[in-house]
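Structure first, commentary second.
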Amino acid sequence: MHDPAPPILASEWLNTPAPLALETLRGRVVAVECFQMLCPGCVSHGLPQAQRIAQTFRAEDVVVIGLHCVFEHHDAQGPVSLAAFLHEYRIRFPVAVDMVGTDGPLPQTMARYALEGTPTLLLIDRSGRLRARHFGSVPDLALGADIMALVREGMNAD
Amino acid sequence: MHDPAPPILASEWLNTPAPLALETLRGRVVAVECFQMLCPGCVSHGLPQAQRIAQTFRAEDVVVIGLHCVFEHHDAQGPVSLAAFLHEYRIRFPVAVDMVGTDGPLPQTMARYALEGTPTLLLIDRSGRLRARHFGSVPDLALGADIMALVREGMNAD
Amino acid sequence: MHDPAPPILASEWLNTPAPLALETLRGRVVAVECFQMLCPGCVSHGLPQAQRIAQTFRAEDVVVIGLHCVFEHHDAQGPVSLAAFLHEYRIRFPVAVDMVGTDGPLPQTMARYALEGTPTLLLIDRSGRLRARHFGSVPDLALGADIMALVREGMNAD
Amino acid sequence: MHDPAPPILASEWLNTPAPLALETLRGRVVAVECFQMLCPGCVSHGLPQAQRIAQTFRAEDVVVIGLHCVFEHHDAQGPVSLAAFLHEYRIRFPVAVDMVGTDGPLPQTMARYALEGTPTLLLIDRSGRLRARHFGSVPDLALGADIMALVREGMNAD
């Protein structure tokens, strides 16, 4: 059994005309790239991989979302900085700013998902269940296979 | 409609106790890495990717085979040289030596498949049909997805 | 004939107990990495190369300085953000914040050196003359040679 | 004090109309890339670096020579194979085939230089003395500096 993915609690969205909600994305696989703009591993590996996911899969099969989970250097990674960062790095997919936590440095979605740090890639299936949580780096070949396995669930073979 | 994959015509096999035949591999996806040991693109990209396929997918789902398609420098790429090459590059999957052609430099399997050169990666589905032929480089993310799509054909969703 | 390198006009210095002045560095080769913290090429190539310079050459021969030349996204690349960036990317060499310009977006040192953009690597010889200005990427092998050529000027052969 | 570099004992030369002798190269720095064509580290790092040396320095300052030091897989790495290898990898600098040893697998120059394996890069100064012997990989930045230091020996500063 897999748990339903908790909702994304965002104080702001960038790169999208309107906020997204996971429950409106049912029927599609969702890849959520949890990152911080000043996290070196996110910049060198996590975000480029998320961009490759967006370029490789069809939009009707896979939605890519960024989640900016600021848990350190809050002053340096605010929304103005994030917008400049996304512009410079040519990141076009929708990005949610994780809601500031009420007790402690962890933002709310990050805490709810019990993330260990950034980058973390979450995979949510067509039914809205959390199916994978990769902290750190995951090889492209295995990831491509994992995403396609989710895409193919509940579909007939060719 | 997809064509059935022509048989592999081999004068010799390495890294396997007995020759393989595509028809005995029905039920599994087969990835055939067509290479030459002195082809720089095969050494830098094609063969490492084939090794990653073998490490990433389960042996009961995907079989990786090398096909040594010598169409130039025949004197430099004979079986003795190939065995040393496979040893030095730690290539463990079975490798077939494509049968020398009878009229021209192209070996027989390469000619039958109408390959454009090396490296070329062939993907054969569980029913023995040729489904993809990638000449040159193919990104890992897309390839992982393509292979998994073939693995999932005819299987029920989880 | 080579021009003397103009002074660095800095509003602030990080990673150093006191401001540096080029004229107090006479006798040593100075490598100045001109960057912006949100410039992808600076993050992927320029700054790592500057770190390698600092690790490769002896401190008595070569001084490495960063110059944060903000000419866009001023709100996102202020000193608080820069300090967090340097911490996360483990950049230990002294970094000057280029003085905001009085007429236009270009900061003052950048304007004085007529830099084309970031990353730019400046090389200043033991006598304080500007000897090289590399905009974009420069290969390590050629750069190592160029720096050593400056190090050896005016020294006797072994 | 540095030892004079022992002569290169070659059974054959490729990529040159006539054999080279170290003593005729006095006045120039000589970089000798000791390799085996089936050695993965030579193919991925050593030989590309030697090609970069040849492209970066002036021919009147630095001579690049390959030395094919076959100490294993002798049947697979003979001169015919080597010629095909050099062609495929676009290696243009002169390459000597190290003379087969009389007692044991090590070829004669390799034994005389007491090399630990391949790839090894030798640097010989303008006076013919052996100045460096790098087994394995050496970073480009440090290597560029080391070669330039040898180039500048005995020359006046600009």
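A, B, C and D label the chains in the order they appear, each numbered from 1.
By definition in this document, contacts are C-beta pairs under 8 Å (C-beta built on N, C-alpha and C of every residue); 3 or more make two chains touch, one makes a residue touch a chain.
What you see is a predicted model; the values in this text were computed from it and never measured.
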Most remote chain, CA-based centroid, reference being subunit D: A
Between subunit C and subunit D, centroid-to-centroid distance (C-alpha), Å: 35
For subunit A paired with subunit D, centre-to-centre distance based on mean C-alpha positions, whole Å: 50
In subunit A, residues with contacts to at least two other chains: none
Arrangement of touching chains [line / ring / star / complete / other]: ring
Touching residues on subunit B, where the partner in the complex is subunit D: 38-40, 43-44, 73, 75-77, 80-81, 83-85, 87-89
Contacting residues of subunit B [partner subunit A, same complex]: 49, 52-53, 56-57, 139-149, 151-155, 157-158
